[in-house]
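First the structure, which I've put down as structure tokens, then a few questions once you've had a look.
Letters A, B and C mark the chains as written, and numbering starts fresh at 1 in each.
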Amino acid sequence: MSLNPPALSVSDLRVWYGTTRGPVRAVDGVSLDIKPGETLGLVGESGCGKSTLGRGIIGLLPDGAATAGEVLFEDEDVLRMSRRELRRLRGPGIGLIFQEPMTRLNPLMRIEDHFAETLKTHEKEIDDDEVRKRSLEVLAGMGIPPTRFRQYPHEFSGGMRQRIMIALALVLRPKVVIADEPTTALDVIVEAQILGILADLKRNFDAALLLITHNLGIVAEACDRVAVMYAGRIVEEGRVPEVFGDPAHPYTRELLRSIISLGTTGLHYIPGAPPDLIEPPTGCRFHPRCPDAMRVCPERFPVQVSPAPGRRVECWLHGPEELIPGGGKAPLEREEIAIADEA
Amino acid sequence: MPKQTTSLRTYALTRLALAVPMFLLLLTLVFLLMRVAPGDPISAALGGRLSQEELQIRREAAGYDRPLIVQYFEYLGDVATGDFGTTISDNRPVTGMIVQNGAATLELTMVAMLIAVLVGIGIGLVAGRYRDTPVDVVGRLFGIVIYAAPIFFLGFLAQLVFGKWLGWLPTSGRASPVVTFELNTPTNLFIVDALIAGDWAALSDILKHLVMPATTLGLVTGGIFIRLVRVNVLQTLQGDYIEAARARGLSERSVVFRHAFKNALVPVITVMGLQFALLLSGAVLTEQTFNWPGLGSELIRYLDNRDYIAVQGIITFFALVVVGMSLLIDFVNAWVDPRVRY
Amino acid sequence: MKTQRRGPQPAAGPTPPVRRAGLFGRMIAPVREASGLPKWILWAGIVITVIFVVLAVFAPLIAPFDFDQYRSVDGARFAKQAAPSSEHPFGTNVQSTDVLSRVIYGSRTALIVVLIAVAFAMMIGVPLGLISGYRGGRMDRVLLLIMDTLFAFPYLLLAIVIAFLLSESIGRGVMSAAISISVIYIPQYYRVVRNHVLSVREEPFVEAARAIGAKPRTIVRRYVFSNVVQSVPVIATLNAADAILTLAALGFLGYGIQPTEAAEWGYDIQRAIADAGAGIWWTGLFPGLAIVLLVTGLTLLGEGLNDVINPVLRRRRLKRVEIPVSEKTT
């Protein structure tokens, strides 16, 4: 591990929002590491806290949010940084690519101006020629011709705008790139192009990539490792072929079963609704919807174990045996989740 | 769908073409309004003073005995050539009257607009940036209260305080009688004329007369602008590209000034320009309050005298100004915001 | 386990219709939930407006004298242009009438005229906007052009001309003032309603209703109207504030209410301008302050409602939260 220290190391990160009903525990104790050149996929349902995690890592949270834990980047804790240090970090240190590209560029500024502003903010000595050279270079890598450098955002399609956003992030040569659902708003063909570009990141820039998505197909194609998130916590993590080939956590298994492919004959879905982040279920947060729930599951919070090297999972099905009380392994009895309860 | 930005020229021509129907509609409206009153303008204005034969002669001369449709097209023709006729009550050529008094109104409204824009943008930007802080609350309240104060009430207070009690400023007219008599007025914009003549004493006198009316009108209009600017700043600051800019490590100052403020002001420019109509309404009140010899006070005077020819001329002119202003604003907007050109 | 999957979340913004009772409750809910600054603004507006409504309704009981009364009960004439005193707290004006009474009766005039004017404008503007927005086509384009033209023209000039023409036919009075004021505000209601209809018309639930064969009238009534109606109270309130200023302006210029018919603040100020030269301040100050106060109150009410109802401006109150220190769990 010391031979190849992680580019980004998150330890027990919590991000809570205060609301009138109580604190929303969007991220509730997340730890993960990403090595340079590695792509880590972060999957989960809508509302499980993925986007908050992505933003929390660079401190881009609204005023009422509180954070705890540690985010180590280049031996410094991002959560403890001053405003100025954060600004210096964002961009050249850690870059963030957003979800909907249509509205992420200033409509009154040319693409050229976007690049000039970004580069000059972080590299004060840079001159105009250098700005132009580097911008055109990275845009060319995205397939955007130099003739369009002086155009306005509205003259580009959604896919091209996303490519411009990626270029804008990459021109600063960040060590870590966080991509928050970069292809959700785009059609499949454009999605494939973007994924290809992101795959090149590894090769050309040696950047670490945190790919946040709800699409398991993308993860299978583009990621080295995958972390599955549920109710603000990582419930399973490991290398993609292992996790997808032999999922350890019931949630992961159900997610994989829900994927529609050519062989699908019937719709499979996970019953129940996403958990309330203000008052999450007791014990294991997935227990109300888990087909394999046991008696111990609502009683005690599962302990993280490592069923195989390089994998971790948080589920009583994998022990540790000593901590499960007698009779805890019996199946959990519960009433049908009535329609009314879900509403 | 990506589209190419059309040239400014194409846009201008297109907008001009579209403005014509609105202008025609306005003219028709004016024409109809002036004919709605019973009888004809000549009798209405001079009925008691002239004999029937003389009235008939005048009527024929002015064309009021012809069918309505004919009168309509004559009216349109007159507008096209710029001939608005002669006033009934005091026999002035209407065009000349418009030029002379129009300049007075122009001077008043231009300075008032300047004040309104400065007040509106200055306070609105700050209020929006520091939302929900005391600065914001005071700014908003100021905007609301100042707009709630009728122009003539502010004028009354101003005349009382600055005119009577403090004695600093004159309370009526554009300039003192001496200056009015002596100053050569080629453009009829007194400030310009004084500058041309190099007459500093006259300029000072003129400015003293201009301060109260222009500030009163400007403040009240500025009150609306504050609200406008503030709302736009708030909406802009919530924009996605603002968050994206912050994620790229831009300083808060950069984000606020270069992205938020600039983008917030673009729609505001349009609306401010369209408020020019509001300014004209306010000008009428201001002129009455301060005895400012502009088109507004002339309108009231001619209306009281039932001088429909003069009234028609003035209102037609106002319609022209409004359409012209709206075109100008559209043009500026297209120049500033590249998305608008189609 | 036989269970039903939970349906998709309804989108924020235009919502499918709920039962009538729910509609009112939905409108009141944001008002009750308001906290902090928007709440103060709203309540300040409500209080001020209510005070004036009370003054207007109970004017004969509250005002010490009649609005055109220039002598006391025993026939003695009031002093002319007398400064404020215990007998006349706001003084008297050039016609020897009591300023305080005129201010109180003035609120009655203002509220009556404005109520009629706003009601007229709404009754004409809203249905036109609904039909125009929903039907579209040539009628819509023509109406839009007319309304835009009316809207672009300086409002006061329009009001003056109409008031003037009406005074020739039906005479000066409450009705002619109300009509001239209402005409200038019709385009505003038309535009807002039409824009709202245009955006709601494209919503999926309207398309779905059409797909199951609902008649246009039903669609408009059930789905479009209830959504649109939400924005009308805010506009009506801000409209009323504006209308009071317009009424006062007409009164100032002499095209408003006849002085014998009712007391009107604008008219009073016009008479007071001449007094300013002589240093007499009470004849103009009090009517003016009344206008400022009432218009401010109505504006605060409208802005308060807007802050509370409009989701764009409504700020989700994020409270400070402390994360309890706990054992590391991962």
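Assume a contact is a pair of C-beta atoms (placed from the backbone, for glycine too) under 8 Å apart; a residue touches a chain by one contact, two chains touch by 3 or more.
Just so it is clear, the model here is predicted, and its values are computed rather than measured.
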Worksheet item: Most C-beta contact pairs, which chains?
Response: B-C
Response to the item:
Max Cα-centre separation from subunit C goes to chain A
Item to complete: Please work out the Cα centroid separation of subunit B and subunit C, and write it as a whole number of Å.
Response: 25
Fill in: Rounded Å distance between subunit A and subunit C, as computed from the means of their C-alpha atoms
49
Discussion item. Taking the mean of the C-alpha atoms as each chain's centre, how many Å separate subunit A from subunit B?
Written reply: 55
Discussion item. Considering only the defined contacts, which subunit A positions touch subunit C in the complex?
Written reply: 11-12, 14, 16-20, 23, 29-31, 62-68, 233-234, 269, 271-273, 301, 304, 336-339, 342-343
Worksheet item: Can you list the residues on subunit B that touch subunit A in the complex?
Response: 1-5, 239-241, 243-252, 254, 258-259, 262-263, 266, 336-339
Fill in: In the complex with subunit A, residue positions of subunit C that touch it
1-6, 316-323, 325, 328-330
Item to complete: Please give the residue numbers of subunit C that touch subunit B in the complex, ascending.
Response: 36-37, 145-146, 148-150, 152-157, 160-162, 164-165, 168-169, 241, 245, 248-249, 252-254, 266, 269-270, 272-273, 276-279, 281, 284-285, 287-288, 291-293, 295-296, 299-300, 303, 312-313, 315
Worksheet entry | subunit B partner contacts - residues on subunit A that touch it in the complex | 58, 60, 83, 86-92, 95-96, 98, 100, 103-108, 117-118, 121-122, 151-152, 154-157, 160, 165, 168-169, 172
